[in-house]
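Once you scroll down, you'll see the structures, which are given as structure tokens.
Two complexes, one shared chain (subunit A), two partners (subunit B, subunit C).
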Partner chain A sequence: MVIFFVLPLMLTVVWSVFERTMFWMEPAFTLFSYENFFFSSRLENFISSMLHSSISVVCAFFIGFPIAIFIRRRVKKVAQHRVMLLFILPFMVSEIIRIFALRPILSRNGVVNSFLMDLNLIDTPFSVFVFTPTGVVIGEIVSFLPFMIFSTFLALEAIPNYIFEVCSDLGVNRRRMFKDILLPLAAPGLFAGSVFIFVNGIGIALIPTILGGPGSVNAGLIATQAIIALDFPLAMAVSAIMMFTLMGLLYLGHKLFNLTKLLEPIS
Partner chain B sequence: MSQTNAIEVKNLVKTYGDVYALKNVDLNIADGEYFVLLGPSGGGKTTLLRSIGGFIRPDSGSVDIKGKNVDNLPPDKRPTSMVFQGFALFPHMSVSENIGYGLKIQSIKNNIIENKVSRMMDLVGLTGLSKRKPHELSGGQQQRVQLARALILENDVLLLDEPLSALDAQLRKDMCIELKRLQKTVGISFVHVTHNQEEAMSVADRIAIIADGEMIEQGTPKEIYSNPKKKFTAEFIGEKNIFNGKVIDINKSIILIDIEIDKIEVVNKNYKINKGQDVSLSIKSESIKVDKLKVSKQPQENKAIKGKITEIIFLGQFVRYLVLLNNNQEIQVRSHDEVSNINVNDYVMLSWRLEDFLVHEG
Partner chain C sequence: MSLRDDFQPKWKLALKWGWLSFAVFILMAPTFYTVYISFNELGFGAKYYIFTFQWYESVFSDRQLIGSLGWTMLLAFITLPIVIPFGLMSAKLYKQSTKKVWIVFILLSPLFVPADILGSALLVFFKNLNKFFTMIAEYTGIYALESWFDLGIMTAVIGLIVYTLPYVFVVIMITMARYRVEQTEAARDLGASAWRAFWEVEFPQIRAGVFSACAFVVILTFNEYTRTSLLKGGFDTFTSVLISQMLNTGMSEESYAMASIVSLVAIIIVSIILIVTAVKTDELEKITRAVKEPSK
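Let's look at the complex of A and B:
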């Protein structure tokens, strides 16, 4: 924990206040990098990337959780893990290629648009699917949805079958089953999946690079750009801000939802 | 016990592929009766219970509860509640939430639920544990929560699927007494599935023996124990001394049976058997008397058999003798007192009261 988490975090913070030199940095104490972050469009980009990530998390929840419930409840026990394997298949392909492949699918004359036009559902093709924040959100959902499905399925799989029999004996309808049983028991999985998607959403530079337009920049991309510009202290500052933001959000989440209680079903 | 039937099962058939889980089972359970379905694992007793509860759809046959046909009703629409095998509680709910959940989903007012829950917790002996989570309870307590969760709905029948199988032996005995007491208190019919004959004997008003999807026989615990009609029942309740034989002669009071090594007489208890028929016989190990064989005293004809002691086991309250017969069959004898100067390898005479030998028709 100290070696792999605290030490790198401290180094990141320490380096972020160093002075920038031509090719590296030198020990000093300056908040220039932070100024550079907070008083530029970077802050705005950072906040909007958090917003986009949150949208991705919510979408992944609404798409992924029902899929996980379906697999747990409707697919035969022996076939369940095989179905889950299907969601691993995309990971056999390099992430760059996977995300890049979305371009011809989502672009103005891509598969989705021509399909919609052929069905006469739209007259002019949608141009918001790529090179926009929407594109980034779609890319994030496509890339990270399996993680939501996995983590929630594992949580649901741990629910013993008798729970469902008790529910049918008591006459629990679908809505109540979802609210009172599935949601609380799958909460640890939902939490893990959400954190994963959120962190990757603001951290992985690849998706906005390939699918985002000129304005779509996330924290990962800001740091990458800073490194390319050989501004290491700025990259460190961005990383430090990202980490503290996440820790702050976790703390806030803990205060609001009581994470210990949320994660109790797995203990 | 009143005369009305709480449950009437007619001609129930259930197959899984080629395997019959239930073969034309008929069953009547009276109102307020504690009924036990006893039998080996995989014999169909759980299938029968689940068909009554509506968790399994039988292939054919009908189930009536309180005179109403329930064949097309789902579990929650039937006047039954189920206590499941293992500790089937909602892990994320407290004891009181678990117990009250069935009422909560019926949209009953919170203060009414609270009242009922606390009364139910007192009834099953969980007073003061309302805030605990299932994982903070012992096995026995968890089963009490299940009982309370089922009973609070005030249905006409409580179905219990191996409710005590996950508990240790001592706790099981205590819970048996409590279950029986609880059933008398609430006054509804309990249908209890178990493979443990001791558990069945201690709680049941009536027992049905079920094996291979068939109803073998039914009766009070006393009837099942002291007068099993079928060989299977005798074996299942732990009879060790079972003989195969052929009826040689039969009259109103006495039957003469050839059991290979000897001929023996048994009392005719209106058995439906004929001369020449193959039958099986059993005798309880405590009904046999062991005596040292003396040259001067030959065994009475057809009323005793000879054997050789192979083992003497002292078991505290009684002594168990293992006796080898001429045909290498081993007989168990249980005696309250040690018979003087009998040692291993001694030849002995086994005798009994004629009425203690039971004939099984099939």
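Let's look at the complex of A and C:
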């Protein structure tokens, strides 16, 4: 893992300052690739993809966190993992198939619009579901929601049952229970889930390619387009920027919440 | 599966179960829809639905597809015997180590690195490595070293190992959590070698996790696209054929059928694992209860 994972990712920083040649790159020290990234529309695209990913994180929190709490608190201990496994199934189906299949579901003459029109809820079909930023957000939620549920559930699972029982005996209301117990104790899981969704949202090229239309570009797409254009230093600069973003977020999360706590229930 | 909390109104519990089921349904809807369309003779967008196996027949008569299926299986079966022992060793190392943070960081961070970014980094890494080995070959005259890291099966397998190892690690860790290390210590005290203690005492108890990890590796290999397409070189995998058909000609009826085959196989395998695990957990619980309360 050190040779084929850590080393290539660390070397992206070195390759990003190499000079571009016709078909490859040669050793040099130039910040041209970074200039190329930061002083062009690529930066604008990167920032807007960060915004879309942030929206996806917030939506995944509101959809996924109640589910994780429900499974931890209301489902019998023996059945909790089985219910969680229901969310593994979508992960076992190729992401590409799931995202591609969203097109006919969300398109103008797709299933959702037909359903809404059959119910006479709308007269004209919505066209905001695909080839728009909304489509990207929907795609990110459908792709990454299980991870928010898993990581939050893992964090909640580490809370001993007696804490809930004590709260119940002391008559703590739901709001305080959520604010003072569940939210702080689930924080490592929420953070890990949020980082996963955020980083993959700005890094996976497929979602904007299939659901975002021509204007939607994220870091992953910039990197793959740079490789197709044989601009390897630019692709490596984008990878390095992504790596720094990820490392920074994980370091911050570990300092604040000690992310290894997440593995305690299974270790 | 029964519900707890007697103090909550039943309708509220039902509402929460409804929300959970709705979330699962939404996550699975694209897959179900793909399967649904794959059986329609008239394809997507048609007013009428006529059930047919026609698209599946044409998929299986597609030589390119069958060839890609062979390549994908080859990749899966090369990756499997490498990644499973790695996962086992990593899980054991994690349990014994005091520096857990670094092990977790190295093993789980591939989950957080987007496929396009890792794929691009590995592609450039292999190209540089290839140049380096070619240089050594020219310098030493050992030409066998040339083209070691040319894009091909080996590079694709390395990409798959980096991708699947975190999943294998987590799955094996979950089963290992139930294993009590005292049993290994007892076996060692009775004179068993480290290998024998592992193979005859520990492995039978974590076998389910290891087999589940094997299934996950095969499924993930069949579903992987981005890293493999960047690192595979000249051959086509199942998903790369599927995606090129989808991107070049749009979703044809054959594409729906191909996607359905991959999805259904994965769902069936995972469902079997879930059912077997559930049954085994129930049996274990019954035994534990019987030991704890022998009179009942």
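Operating definition for what follows: the second predicted complex is superposed on the first by the 234 of 267 C-alpha atoms of A that agree within 3 Å, B and C clash if a C-alpha of one lies under 4 Å from a C-alpha of the other, contacts with A are read in each partner's own complex, and residues count from 1 in each chain.
Keep this in mind: contacts are C-beta pairs under 8 Å (C-beta built on N, C-alpha and C of every residue); 3 or more make two chains touch, one makes a residue touch a chain.
Here the structure is a predicted model, which means the values were calculated and not measured.
*Asks:* Taking the superposition on A as described, I'd like to know which of subunit B and subunit C A:171 touches: first, second, both or neither.
*Replies:* In the superposed model, A:171 contacts subunit B only, not subunit C.
*Asks:* Figure out whether A:70 sits in contact with subunit B (first) or subunit C (second), or with both, or with neither.
*Replies:* After superposition on chain A, A:70 lies in contact with subunit C alone.
*Asks:* Classify the contacts of A:13 with the two partner chains as first (subunit B alone), second (subunit C alone), both, or neither.
*Replies:* A:13: touches no partner chain.
*Asks:* Of the two partner chains, subunit B (first) and subunit C (second), which one does A:219 touch, if any: first, second, both, or neither?
*Replies:* Second partner only, subunit C.
*Asks:* Let me test your reading of the model: by the given contact rule, A:162 touches which partner, first (subunit B), second (subunit C), both or neither?
*Replies:* first
*Asks:* Touch check for A:51: first (subunit B), second (subunit C), both, or neither?
*Replies:* Neither partner.
*Asks:* Subunit A residues in contact: does subunit B have more, or subunit C?
*Replies:* C
*Asks:* Tell me which partner A:1 touches in the superposition: subunit B (first), subunit C (second), both or neither.
*Replies:* After superposition on chain A, A:1 lies in contact with subunit C alone.
*Asks:* Just to be sure I follow: which residues of subunit A are touched by subunit B in one complex and then by subunit C in the other one?
*Replies:* In the superposed arrangement, which is not itself an observed complex, subunit A uses residues 265 for both subunit B and subunit C.
*Asks:* Per the contact definition, I'd like the list of subunit C residues that touch subunit A in the complex.
*Replies:* The contact residues of subunit C facing subunit A are 1-5, 8, 13, 16, 19-20, 23-24, 26-31, 33-34, 37, 44-45, 94-95, 100-101, 104-107, 109-118, 120-125, 127-128, 158, 161-162, 165, 170, 173-174, 177, 216, 219, 222-226, 230, 239, 242-243, 246, 251, 259, 262-263, 266-267, 269-271, 274, 278, 281, 285.
*Asks:* Considering the complex alone, what residue numbers of subunit A touch subunit B?
*Replies:* Subunit A residues touching subunit B: 160, 162-163, 165-166, 168-173, 176, 180-181, 184-185, 264-265.
*Asks:* Enumerate the contact residues on subunit A facing subunit C in the complex.
*Replies:* Residues 1-2, 4-9, 11-12, 15, 24, 63-64, 66-67, 70-71, 73-76, 78-79, 82-83, 85-90, 92-105, 109, 111, 142, 145-146, 195-196, 199-200, 202-206, 219-221, 223-224, 227, 232, 235-236, 238-239, 242-243, 246, 250, 254, 259-260, 263, 265-267 of subunit A touch subunit C in their complex.
*Asks:* What residues on subunit B touch subunit A, complex-wise?
*Replies:* Against subunit A, the touching part of subunit B is residues 53, 55, 74-77, 81-82, 84-86, 88, 90-92, 101-102, 105-106, 133, 149-150, 153.
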